[in-house]
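Letters A, B, C and D mark the chains in the order given here, with residues in each chain numbered from 1 onward.
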Amino acid sequence: MNILFVGDVFGSAGRHIVREHIPHVVESNAVDLLVINGENSAGGFGITPSIAEELFDLGAHVITTGNHIWDKKEIFDYMSVPADSHGRARRLIRPANYAVTTPGFGLYEGELSSGEKYAVINMQGRVFMNSCDDPFRKADELLAQIEKNSGAKVILVDFHAEATSEKAALGWYLDGRVTAVLGTHTHVPTADNRILPNGTAYQTDVGMSGPFDSVIGVEVELVLKRFLTGMPGKFEAAKGNPKMCATLIECDGNTGRAFRTQRFMLGE
Amino acid sequence: MNILFVGDVFGSAGRHIVREHIPHVVESNAVDLLVINGENSAGGFGITPSIAEELFDLGAHVITTGNHIWDKKEIFDYMSVPADSHGRARRLIRPANYAVTTPGFGLYEGELSSGEKYAVINMQGRVFMNSCDDPFRKADELLAQIEKNSGAKVILVDFHAEATSEKAALGWYLDGRVTAVLGTHTHVPTADNRILPNGTAYQTDVGMSGPFDSVIGVEVELVLKRFLTGMPGKFEAAKGNPKMCATLIECDGNTGRAFRTQRFMLGE
Amino acid sequence: MNILFVGDVFGSAGRHIVREHIPHVVESNAVDLLVINGENSAGGFGITPSIAEELFDLGAHVITTGNHIWDKKEIFDYMSVPADSHGRARRLIRPANYAVTTPGFGLYEGELSSGEKYAVINMQGRVFMNSCDDPFRKADELLAQIEKNSGAKVILVDFHAEATSEKAALGWYLDGRVTAVLGTHTHVPTADNRILPNGTAYQTDVGMSGPFDSVIGVEVELVLKRFLTGMPGKFEAAKGNPKMCATLIECDGNTGRAFRTQRFMLGE
Amino acid sequence: MNILFVGDVFGSAGRHIVREHIPHVVESNAVDLLVINGENSAGGFGITPSIAEELFDLGAHVITTGNHIWDKKEIFDYMSVPADSHGRARRLIRPANYAVTTPGFGLYEGELSSGEKYAVINMQGRVFMNSCDDPFRKADELLAQIEKNSGAKVILVDFHAEATSEKAALGWYLDGRVTAVLGTHTHVPTADNRILPNGTAYQTDVGMSGPFDSVIGVEVELVLKRFLTGMPGKFEAAKGNPKMCATLIECDGNTGRAFRTQRFMLGE
């Protein structure tokens, strides 16, 4: 099975660049499963229902997110669907290790039109980030749940985290238990994509799909002003030099073990 | 002028792998200036005088460091030399934005045997790190100082920082004013090396030169135990799968502007 | 029922001052239940079995701790006792919201010699501290457990936390559900002890029992050097000007609701 | 000389309670110098010009602030006055260790109508707070400046900081060099006001002047929702149970050394 994971879509520049590249990358790589991190797709901050629909229209099976998920309030209702739904709204997920009372879900178990089963887990790190539940223990819990429910072997984990240590640690912790642990959140692609010894694909960060003439998506001048003065000021999404960062995982659909990874960084 | 910058050398595995690769990379790329970040070269934590000598023996013109610089106490005395010295100890530098009373220096201005001048600046970030002076203002200060002193145009900045935003921001801030802003500290190489519009080479992190079957250099089991239990325990340097991460910068020696970057990740 | 809670005992100066004052305070206030936070009792960092015994000898029914609990390794074994034990080692507790696999327990349910039941909960905050489980949800869990087990109505919570906001929030969250929420960890007594509207005693921090001519227990010069230079250096417990900080809670033993609090800060 | 320092005025409840108590406390204690921290006086977040005027109308000689100073944009212009002005706007100060390009000043040197000179310094901590310049070195700098300029001996420092360790450390660092180091920011009064050995009055935190049926000023339910879910939501100033927290410092006007401190916590 071929899986394409697209990193944090940032603002309109990010939406534009993924619209341009997803179709041909999916086609030329015979992608079966498409997962997109959309936490910054609405002007850099959060995601709206209509933007989620836009990403689903591009063929996304699942949209993952992260700490920016609650930036746009319209998304609360959209995500409030039954756990056993398979509609689009159910396939927009947020970190699984958030408080149980928050809207939405952190795991989606689905089936491709070919009948092959898959699961996507979204989790958030705790180092240098706001408090949430232990992602290591939560992973154990979710894997047990998947085993009982769908029994899916192909399992993709989007680990939305800041610290390279926490991301690498989760990669090793889940090696041989999931198909891939892919990092998001830092908006910079790392050059360490690999297959860990027990068959799990790993990359510290897939990188954003957004404007690279920016500070991780935001207009340079606005961020510099913040660093230089410490004074507040609205952050606006940049537009210049959009690139799509994505990673392709090739795996055995029966065992869920990965055997190849490939990074993409595609500009205009 | 060709500059090779080697990322955080980690433990004996890191020292072994740079010993293997630096000579041929330097030769085949006609490297003029060699700079090595050595903050983790002594068992993963700090650097000793004898290990510094070992890295200088490999041809390093300057050794940069970071937050681990004080881990080995023997280094305090070694670094306590006159500001105008050009000996090896003077060429082992620490972040320039540390308190003025700390041993050592954060800037070295030197001359290649060809007579070409260069400067190396080491600075540390503040986001998610211990407090230190503002690196943006400190950069302004040091650039003014270089202009007055040696007048070097080739200026390499090792920005030892955690957050991708702070690193990118400094890159843009110094674009056109220095030859390169290269990040260190996260131990994971990023795939975003580029030349910014005004001629400054930039990469968020060069990555470590150390054991990649590890959590950023440390034995996997020890780090996992920490994440899973929160309990203390000595961190030991891992050994497996060493790789040297380095970046080559080609620049115009007269203007100091960069025109090409190349990433290396070389294993056994 | 009269409860005396003694704040973080710090080093030998702290042990000396509590030895001096606990007996007469207990006697003159007819204290029924004595709880001592001992996380810094061994030289300022952790607690050893023999020091725990020393504090139990002073009459402590329960010893609570906090983030320094693992500083002395001898304590791991000491705390590894059966959950249903009532021995001294079982009555030395650590934050309940630590990983389940860590030694010891975070709740103790006991009985006074008069037959009156009580429970002591120890928890740690997450703001500005290392990651641990959600203390709010953990409190809900533990209160349900107490209700099922002993049914104790007198319940004391030692909330070991940094941020005043998190401490105040937990106070309000548990108001009317526990006898007292007393903060520890900052080592400075706060002047806000009160009874919340539903009968829970609250104080943001009880303050340490240790040397007040210090920086929260540590020798002034050592801490100043750290702040001024950022360089490492061993922290030693100070000795000068020891004071015992403690808070007395008077409550109805049948309902567990508090009706009076009194702060103590007793020097030599 | 008698100095009254009033802690962080929070929202309308805070403004109401200081209006009620400042006049009689000033009168009955023969207060010569009145300093108010106003960083939360506008609905809990920042301060506006008209609210600053309101506090000056109450007799404030100087208004200090902290990390909330930029919450209301109207204040930027108000604070942009010449350094040598003695108008009200010049007497509204912000932490001195902010970037030099920010509006306003961090030190005010003035003269009472009696001709006695005084200086007020505002600084912010760095532990658990946003980056700013080193407050220890900045204090040295400002004290040298005061010595050269006005030569004032009576010097009050409002240290707006989170960590008790950093606050205590600055107290000891400045002991014998200033009249008082008073902490603000945590909104909880500490019971450790004292005179340090060399004559400097010290208190870790003066506490807020605002609604105490709250979580450090904010409506309890709103803060609880944040802690329980991690979801965003507007924070509103609470109203209930307002108290004025303030500290009186009695000092020798000629030497600037303090000899007595007294805490106030006055409700309706």
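Everything below uses one rule, namely that contacts are C-beta pairs under 8 Å (C-beta built on N, C-alpha and C of every residue); 3 or more make two chains touch, one makes a residue touch a chain.
As the structure is a prediction and not an experimental result, all values here were calculated from the model.
Using the contact threshold fixed earlier, the set of chains in contact with both chain A and chain D is B, C. The interface in A-C, B-C or C-D that matches A-D, meaning over half of the contact pairs are the same by residue number, belongs to B-C. If you average the CA atoms of chain B and of chain D, the two centres end up 42 Å from each other. Chain centres here are Cα averages; for chain B and chain C they lie 45 Å apart.
Centre-to-centre, using mean CA coordinates, chain A is 31 Å away from chain B.
Shown for chain B are the residues that touch two or more other chains, namely 99, 131, 137, 228.
Within the complex, the chain C residues that touch chain D are 128, 136-137, 162-166, 168-169, 172-173, 186-192, 197, 204-205, 207, 212-216, 218, 220, 223-224, 227-228, 263, 265.
Per the touch definition, chain B reaches chain D in the complex via residues 99, 126-127, 131, 133-134, 137. Interface residues of chain B, counted against chain C in their complex, comprise 70-71, 98-99, 101-102, 130-132, 228-232.
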